[in-house]
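Following this line, the structures themselves.
Both complexes shown next keep subunit A, but they swap its partner, so subunit B is in the first and subunit C is in the second.
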Partner chain A sequence: MRHVFSVRIGPVSFRVGSDWRGPVEQLRALYADHPAPVDGIADYTVRLSATRPWRRFVRPSVAIAGDYMLPDAAPLPLAHGLLAAEMAMNLQLALGERRFLLLHAATVERDGRAIVLTGESGAGKSTLAALLSARGWRLMGDEFALLDPETGLLHAFPRLVSLKNAAVGVVRRALPEARFGPLMAGTPKGDIRHLVPDAVALAAMDRPARPVRLVFPRYGFANDAQPVGAGEAFVRLTQASTNYVALGEQGFDALTRFVREVPAVALDYPDADSAIAAIEG
Partner chain B sequence: MNGAAHLLCRLLAMPETARTLDARQWGEVMTVARAELLIGSLAFRLRGMVLPERVEAILAAAIRSAEEGRRQALWEAEMARRALAPLGCPVALLKGTAFVAAGLDAGQGRHIGDLDILVPRASLDAAEAALLGAGWEWVKPDPYDDAYYRRWMHELPPLIHRERDRMIDVHHTILPPTARTTPDAAKLLAAAEPLGNGLSILSPEDMVIHAAIHLFADGDLSGGLRNLWDIDRLVRECIARDADYPAGLAARAAEHQAERAVARALRAAHALFDTPALPGKAERLFDAAARRRLLARDGWGRGTRPATRLAFYVRSHWLRMPPAMLARHLWIKFMRDRRAGA
Partner chain C sequence: MAETRYRAPARDGLRIAALDDLIAVYHRASGITHLVVAPVPELLEAMAGEWRSLESLAEAFGLAAGERGALIERLDELVAAGLVEAA
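Take a look at the complex of A and B:
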């Protein structure tokens, strides 16, 4: 394809081809400190191509494609090309990954102990992970926790942190020195701005961590923390995993071990400060 | 250029050539293999070789994925067997599920999507009722499609299991009755070989004939590389067991009016995978066009050669139904798509 970009994010690497220069230049700038794929061989290929030949020029429209695709993925305008690239990379992992059990979760680590934050979109995973990284936690990832079925350890996937709407301002105030991508207004997911993971996150991205706590945060409710039993955590995580079924018995073994070993808590919070106090406390 | 698709064929046919690939070629060949659903087959072919570290990791994951796919496919076949057992009619597994159930080379790493089975036409209604009673549901909500399947197709409208989310295609023969070629469905079932659990698979000759018909008397060759690789594996394994296999295959193909499709498939397989058993005289134009279509994918996984693709797409409809019927069919589909798009 015309414009090509390759990157390694933790144990996963991508080759992104694009019909347009714009998204690739943005990726290059924001992933400048990430390494290249090992041996120059990427795990997944992503394509950002025009929905029709003329749509490269006229009202350019980016189709999300690659090794793995959803038949009905809606295209995005070129102004949201960076978002399209991020969605396409996530999609490769969500549909194609078989080495790790994927949990749709943000993960932070300190002293080798990882805390996993999982929940629906809007629960505050990315925001809390970014705010915790401002307080000295290592950001392992804001989208997928990669659980190694052999070791029970979590691997980092520190891609760009996707912040939405009001979270953009909150995180900018907490991390005034951090690098951010362009503001993409009015995307299907709201106003989006990406945060570049800090040097600590990148330097340690090949170091896995032992999960010690599982948190189900819920934003917009009065402070409350309730323990979650292993059975309920198991069921909720099967729904939060994109490849649990595809992994078969291996996925079942990995997940049952995870919920047995890792205590879980449902955390309702009215504002970020109280959530962080509860997580750190 | 489609160096990558060609390279994939060469790697499958001659795994020892893997040593000559550089990083860019590896990236491209694995992308093409994924797009053609051949990554599992490739992984099995290259198993045990010393390869670049990342390639080994990707192929190891592909093997695990294929093994899980195999297990799920066999379980799906067992579920169908249990649902259909009370009918007492013969049930033959087709395509990928048959290959893995019989432990054939063609099943090594084979991607398996839907479960395809063949039952006698007389048992079709009973089979449908039994499956509906065991948790399968209709997929196609459109009344025209449903009626079309029932009247003109060689299979029931696809059914999907509401809990396991897996599709089953119940065939009563291997080509639409409107097609110009009419294979003998009764002979397929009569020659089927029992697996010992109440299910059977087609005879070695009929398996190759089915794959060849699917390629050259029915479909538009999309995903054709995988079907052609099936043919290579089946033919090689059958010849290793019985040196007279090619003669038996030719005779059997004549019984199903499928000589031409089989000869074309064998020539294409010989050209791309060096498959033994080269039959008859080449059709230069057609063979070249078929190869162009089979290899129409670039190193980014994109389909290329739109004109060749379109030509084979039109051809597939042309083969499937007489002209007046085709015109009516396309008109109804066009009007429906227009309404849906508006």
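Take a look at the complex of A and C:
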């Protein structure tokens, strides 16, 4: 690979190699304040390669690859190289991680107490986490909550926050001083723009937190908050975990402990303000 | 014809965690998590590591001769799920 970039995000480090300079330069700029991998050795390797050698010159598109692969991952146009890098990094972690139980969730923390927001794409995880960070919460991550099976604590994974469509404008208004990546229009996930986690998130990224609340937000419905039992939370979180099966008994122990100790609520909300009020209330 | 007998894994072959209304059962041999409700944990306990006949299970749960249909259904489900052996 001609262009290489390495970064540590919480307890996880990546090395990204690319056939093109562009995506690596963007990553380097946006992750400028993140540390390098400890001892220079990355946990995961990601490759952004030209789908065909000649395609590097003619309508270039990016195929993502690494230690773990999805054979049918569609190539993305080079203009979306940053998105390809993000997807590839997520994929390596999602499929390869064995130290932590991974929950597809955003996490924010205040006074050592973490709130976990989980739900399908479009539920508002990233948006709510970014908006809460504008209100003094520490952003631990918008994509993966890393649950330590030994301690029951959550570890931060403050990667670039991936904002989609209308969320881009909402978060820009709430965080006018924040740094954002380039707007990538018309990706398979819609219009995407990345938010750089703030200095608080980066300074504290090695500090784990105790989960105290699990929220299943759902955007586009009238205000409603209903408690979710431990059994239902367990089922939903096995679906929201990318490595529950791979962790075996350790995953079972970690997740049963989590749902027994952490009260859960299903939160329907019509707009971000009401969700924030419900989460902070 | 010999009567069908059933056996669940020994106690240390399962991890069982009550989660409100559901009970999560982790089967160590297969690595599969099962979500069950009563009386499955009680059934598993009654034949943990031990072959039991339908007769003796029905007796243990106080079922009369006409009430065994549901027990057979539960046992068949557990056999299909791989949590219980039948012989």
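Some observations on this one:
In this section, the second predicted complex is superposed on the first by the 281 of 281 C-alpha atoms of A that agree within 3 Å, B and C clash if a C-alpha of one lies under 4 Å from a C-alpha of the other, contacts with A are read in each partner's own complex, and residues count from 1 in each chain.
Operating definition for what follows: a residue touches a chain if its C-beta (ideal position, glycine included) is under 8 Å from a C-beta of that chain, and two chains touch if they have at least 3 such contacts.
These figures come from a predicted structure and were not determined experimentally.
Shared-chain residue A:A166: touches no atom of subunit B or subunit C. When the shared chain is aligned, subunit B comes close enough to touch A:R99, but subunit C does not.
When the two structures are aligned on the shared chain, A:T256 is found in touch with subunit C, with no touch to subunit B. Using the contact criterion defined above for the overlaid structures, shared-chain residue A:L183 touches neither subunit B nor subunit C, since it reaches no partner. In the superposition on chain A, contact is made by A:G231 with subunit C only, not with subunit B.
Of the two partners subunit B and subunit C, more subunit A residues are in touch with B.
In the superposition on chain A, A:G248 contacts both subunit B and subunit C. Touch criterion met: A:I41 reaches subunit B, while subunit C stays clear of it.
Judged by the document's definition of touching, subunit A residues 248 lie at the interface with subunit B and also at the interface with subunit C. Listing the residues of subunit B that touch subunit A in their complex gives 23-24, 26-27, 31, 34-35, 52-55, 57-58, 61-62, 64-65, 68, 71-72, 300-302. On subunit C, the positions that touch subunit A within their shared complex are 15, 17, 19-24, 26, 28, 31, 33, 35.
On subunit A, the positions that touch subunit C within their shared complex are 229-235, 238, 244-245, 248-249, 252-253, 256, 259-260. Across the complex, subunit A meets subunit B through its residues 1, 13, 15, 17, 37-43, 45, 47, 49, 65-68, 96-99, 246-248, 250.
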